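Chain lettering (A, B, C and D) follows the sequence in which the chains are written, and residue indices restart at 1 in each chain.
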Amino acid sequence: MPLKPDLPLPESESRRVGFAIVGLGQLSAEELIPAARTSRHAAIAALVTDDEEKGRAYARALDLTDGDVYPYERFEDLKGREDVEAVYIVLPNSLHREYVERAARMGKHVLCEKPLSVNAGEAQAMVDACKAANVLLMTAYRCQYTPYHWAAREAVQGGRLGRVKLLDSIHGQSEDDPEAWRMKQRLAGGGPLPDVGIYSLNTVRFVLGTEPEWVFATLHQPKDDPRFREVEESVSFVLGFPEGVVANCLTSYGVHKTATLRVLGEEGTVLMDPAFTYQGLSLTISDGQGDFQPGLPDEDQFGLEFDHFAQRVRDGRVPWTPGEEGVQDHRIMDAIYESARTGQVVRLQPAPGRDVFRGEKPEAASQ
Amino acid sequence: MPLKPDLPLPESESRRVGFAIVGLGQLSAEELIPAARTSRHAAIAALVTDDEEKGRAYARALDLTDGDVYPYERFEDLKGREDVEAVYIVLPNSLHREYVERAARMGKHVLCEKPLSVNAGEAQAMVDACKAANVLLMTAYRCQYTPYHWAAREAVQGGRLGRVKLLDSIHGQSEDDPEAWRMKQRLAGGGPLPDVGIYSLNTVRFVLGTEPEWVFATLHQPKDDPRFREVEESVSFVLGFPEGVVANCLTSYGVHKTATLRVLGEEGTVLMDPAFTYQGLSLTISDGQGDFQPGLPDEDQFGLEFDHFAQRVRDGRVPWTPGEEGVQDHRIMDAIYESARTGQVVRLQPAPGRDVFRGEKPEAASQ
Amino acid sequence: MPLKPDLPLPESESRRVGFAIVGLGQLSAEELIPAARTSRHAAIAALVTDDEEKGRAYARALDLTDGDVYPYERFEDLKGREDVEAVYIVLPNSLHREYVERAARMGKHVLCEKPLSVNAGEAQAMVDACKAANVLLMTAYRCQYTPYHWAAREAVQGGRLGRVKLLDSIHGQSEDDPEAWRMKQRLAGGGPLPDVGIYSLNTVRFVLGTEPEWVFATLHQPKDDPRFREVEESVSFVLGFPEGVVANCLTSYGVHKTATLRVLGEEGTVLMDPAFTYQGLSLTISDGQGDFQPGLPDEDQFGLEFDHFAQRVRDGRVPWTPGEEGVQDHRIMDAIYESARTGQVVRLQPAPGRDVFRGEKPEAASQ
Amino acid sequence: MPLKPDLPLPESESRRVGFAIVGLGQLSAEELIPAARTSRHAAIAALVTDDEEKGRAYARALDLTDGDVYPYERFEDLKGREDVEAVYIVLPNSLHREYVERAARMGKHVLCEKPLSVNAGEAQAMVDACKAANVLLMTAYRCQYTPYHWAAREAVQGGRLGRVKLLDSIHGQSEDDPEAWRMKQRLAGGGPLPDVGIYSLNTVRFVLGTEPEWVFATLHQPKDDPRFREVEESVSFVLGFPEGVVANCLTSYGVHKTATLRVLGEEGTVLMDPAFTYQGLSLTISDGQGDFQPGLPDEDQFGLEFDHFAQRVRDGRVPWTPGEEGVQDHRIMDAIYESARTGQVVRLQPAPGRDVFRGEKPEAASQ
């Protein structure tokens, strides 16, 4: 995880944007905290957790003090911490709204883990709250900050594939623990769809730049498996985009880890296999000449995400994946669940134009 | 294209099953004739074509005489040719029925190119005609005779992937010629679906061994493209199998060549990329240990197909992919077109059991 | 193994160049005969073998008569066969000279399996004999007729890699039968070096177009292994080319099948892995942009070889890999064995210029 | 770069082994400092550099104070720093000896970048000095701490390949700056050989566990290239191991980045392509069954190295790659240069046994 060769010096702690990490689960421990420690523009200034022991251990590891660890009920104590300009919400989905709104009321900018919420209505309320409080809200869609996924988008939108006709994406993994909050409808708002299927949904929209007009979906929730008492095991969904472009997608909590994206154009194809992973992304562009794997840096995706939001906090511009981007995915997921329930195609609100829910392009866009 | 190392001697011409090739298009010229020339149990004894010059050129290349070339109207002259035990129908789809029935009336066994016909009703009539005439009818599904596709099936059915949950397949290519018979609804019975999409449909059914219960499909037929005046450009179809197993499939005549099959199980996955191609097939089986590409022979698929049917002609047993297998694919394709037309899920006749439409396993099954 | 799409009609038997295949071992049975049957310009007209039964079986398979099978002692009976214009010598290496010279005396053109002979002196005598008899002699270096190896050469010589600095090649396999003629010094003239290592040697020279100035080599011949009583198990050899270019090569009869070629230039690399195989060749060109696998046809290499020589028989030009090309490889292999025996670097005769031992470029050169 | 899932808590700063980083070049900036910040057992406690501004910037980034930055002439001030138990020497090769000896005199344990020194004599003196001072000395051979390279070793030594016969390795890259210290003989002690070729040398020895008996080498130093006024551009070297095992190696500063290792055994092969890289390592084990890529974690290699040495500082045991391991590579490199100079094979001191220069196995050994 090299620092940028041409920018070998990270900013000093005092100039970086200070974040409070809200929630100390596996993602925080294994990804966000290591990423923040090596980012250029962001630094962790506080931790919010009710696990005091764990919080203090991480505080020591981060060279913070015990006083930098806050229980949830004292979240509002961060208000006075001028060195905490932003919070990163890493809580079960159903708690996102509450903490985003509490952060907004304190005037803190908010980076919120995906999915933004549990449905489109809740998600929209969060966007409205941040707008009212005049703070930035960013949905943590890390893939949209990587050179690999941007190179895929560039191949698609730059004409190298000819007109794009079809897409296909799979994101599935095996979840073993029936007691995990991810398996509880009330906490997660769904099963694999909002957790991992959202990557397929989101990245298909990202590479096309347009919005789907309709969805068809079917889901499977095995009755004999205790893991899937509340949420679905698998979803197959089909997205209809303008001009007859169709994307087939699969997601599941019951399969061996798989993460792919394929775009089929008249004159070429893009394949990411794996797509979406934290590291080891692979991109192949094929056309009449042969197959090409561009040489791209495999950068820390959470670091890129932290840095993009820190820069937006500094310049006040809308991040590339603002709250609105998260709301749109919820609208579509709501429609996917409706289609699976009714067995009917569900039509979506038209959203003509390009990148209509997105903000400032990230650095990876120009690589 | 080696002869089998352990069977270095091909049978002499006189002991091989003699075929008449009916139709001398590109597939016959580039694949079937070379394959037959190197097969062990089959030999080409006659050619049926109205292109007399081309017929005579191929006859000379095959060491046949001008007298071994027949125009279509003299097809029945083959009746008296005892050395012609079988015919291989390689004509536009809409002509399959007529020539299968004419061959059956002559008492010749019939190997018929896929798709078997233009719809399930026509296809069933062909099966009935061959049964009445007591001749064998085989649908030329070459993939089901290859070690690669059988190894995929074995990984799926042998338990290596755990319970199978989801499948995904793409088969598309670019068709440029608006005047090709493939682009005429009356001759082809459809567009990419019966021509290349049928591989996805057929192979998904083959690796599972079970039959779908419902389909959902959407198709795209661009109004501004002269190639697609009569037939669709692309189809997305979803197949629902027993126990919640779902297969997403894409097919198109408007995309860069793509041919893949992926099976997702609880504990592992199978990926063929490419699948379905004449050569260069690639199979990866992934599980918790890593990724594995078994070492398999890349044999001539048309040769395997010829040899399987020749052996069935000799032993009188039902071939692995009889006419009934072709009828079943037509039933499902009929439903796919109906779903695309109505926008509704279409339910299929139940067909419980395993391999219910198939016959004698081919040699590749035991490798 | 498709016939050329743009040349769908093979020449009729009567216009093709008729070959007598001299020797009916595994290579003839599994590769040459199938290849000849599908070639455009060559046809098999006679077989020479002392195994009468096998000869007759292949004759029947080829639609030849028993009279087209000749025992070795009646080799000269071919002289009167006007339809036999060329012979293909597929005998143990030590017999190449005798049969090439007997063929030359009959005025037949000669395609001779690699290695051309058992050492440079014998090989040169063969070249001289063919020259004296005014017949063509071609060394059967099939790799030099494939689009893949030509694309590698084009990447090397066309400047895409910048200046070439280093090469590395491995060709090894496992030989199990101590009684095979390949394991007898008197019959084979060496072990893996003249049999499989020659591909590395030959292809390194082919892609560079220049000749080595010196060699260093070491070999291993295990005392406790009955397979290697007479010939070496493995050879490591280093070839020094002009301007400091060096090629490291490995060959062995004691290793799992491996066949690779790598060329390292200032700005890019070429990797063939596998190189040299009958099918499934793979080529990757890497440079600062990424990795590229050109889309190339995987044609039957023996068919390409047959066709090149048949065309030279027709036009009288020097084939791309004439006898002189085979002599040069023997000179270098002689030096490799000398270096291994003495432990010293052995210097070679200078051979300045490009492709100094080669003739007319094959069709693959212009693809 | 996840923290270990089963050990989510890093040790607190106070319990980790404190290192002074001596030298703030690119390797320190881009690899070592990020790695140390996320390691479990090591922490950076001081920086030694004459670039005061850069030192202070990194100190701030690391939450150290200006007082934790030392110029080289005040290196001995670290003696009194009880929180600095070890130093990591990241200086030009020719300075290694001086700083290792100065550190040893202070009683600090020493982790020294590869190559350990500029020749075997200098390297042995460093080992002797650390032994006399009773401090640990470890050569920073990061590859020997990775799961990938250990899995390759396990495949080789565990019998999966059958008896190993041959090895082949390439490590080369393009160096553009004629003024870099790497291009100065006095500072670097050589060109690509001690810098990148050492990985091939070292890893070949590591996977075999035995020591070479002789070497042959040739080098190229183009006269017309200002980059190579002092050091060689390329080296080809052949290593002879016991029982006839031979390794061919190539290294260069004049080629497109290439890093591979191949081991050929009777029944299988190991391929690492790339080998040696900081991330994205790839391992394929091939045998009669097919090709297998084990699923292995792509961990931060410098973090693994830091942690191994920190644990040895805690338990006092000899690290896996002690100074003696670095000395042995210098003995062989000295012989390589001698062979290239004389054109003769150079014999090495016998070193029978297994892993005779190595210490305690790292954690990756048991994965």
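Rule of thumb we're sticking to: contacts are C-beta pairs under 8 Å (C-beta built on N, C-alpha and C of every residue); 3 or more make two chains touch, one makes a residue touch a chain.
The shown structure was predicted, so the numbers you read here are calculated from the model rather than taken from an experiment.
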Labels of chains that are neighbours to chain A and to chain D: B, C
Chain at maximum distance from chain B, centres defined as averaged CA atoms: D
Contact-richer chain pair (by C-beta pairs counted) among B-D and C-D: C-D
Rounded Å distance, chain B centre to chain C centre (Cα mean): 38
Euclidean distance of C-alpha centroids - chain C vs chain D, Å: 43
Whole-Å gap separating chain B and chain D, where each centre is the average of the chain's CA atoms: 56
Where chain D touches two or more other chains at once, by residue number: 288
Chain C to chain B touching residues, read off their complex: 1-3, 5, 8-14, 26, 29-31, 33-34, 37-38, 54, 57-58, 60-61, 63, 278-280, 298, 300
Residues of chain B defined as touching chain D within the complex: 288-296
Residues of chain A touching chain B in the complex: 161-163, 165-166, 168, 170, 172, 174, 216, 218, 220, 222, 233-234, 236, 238, 240, 244, 246, 248-250, 252, 254-256, 258, 260, 262, 264-269, 286-288, 343-345
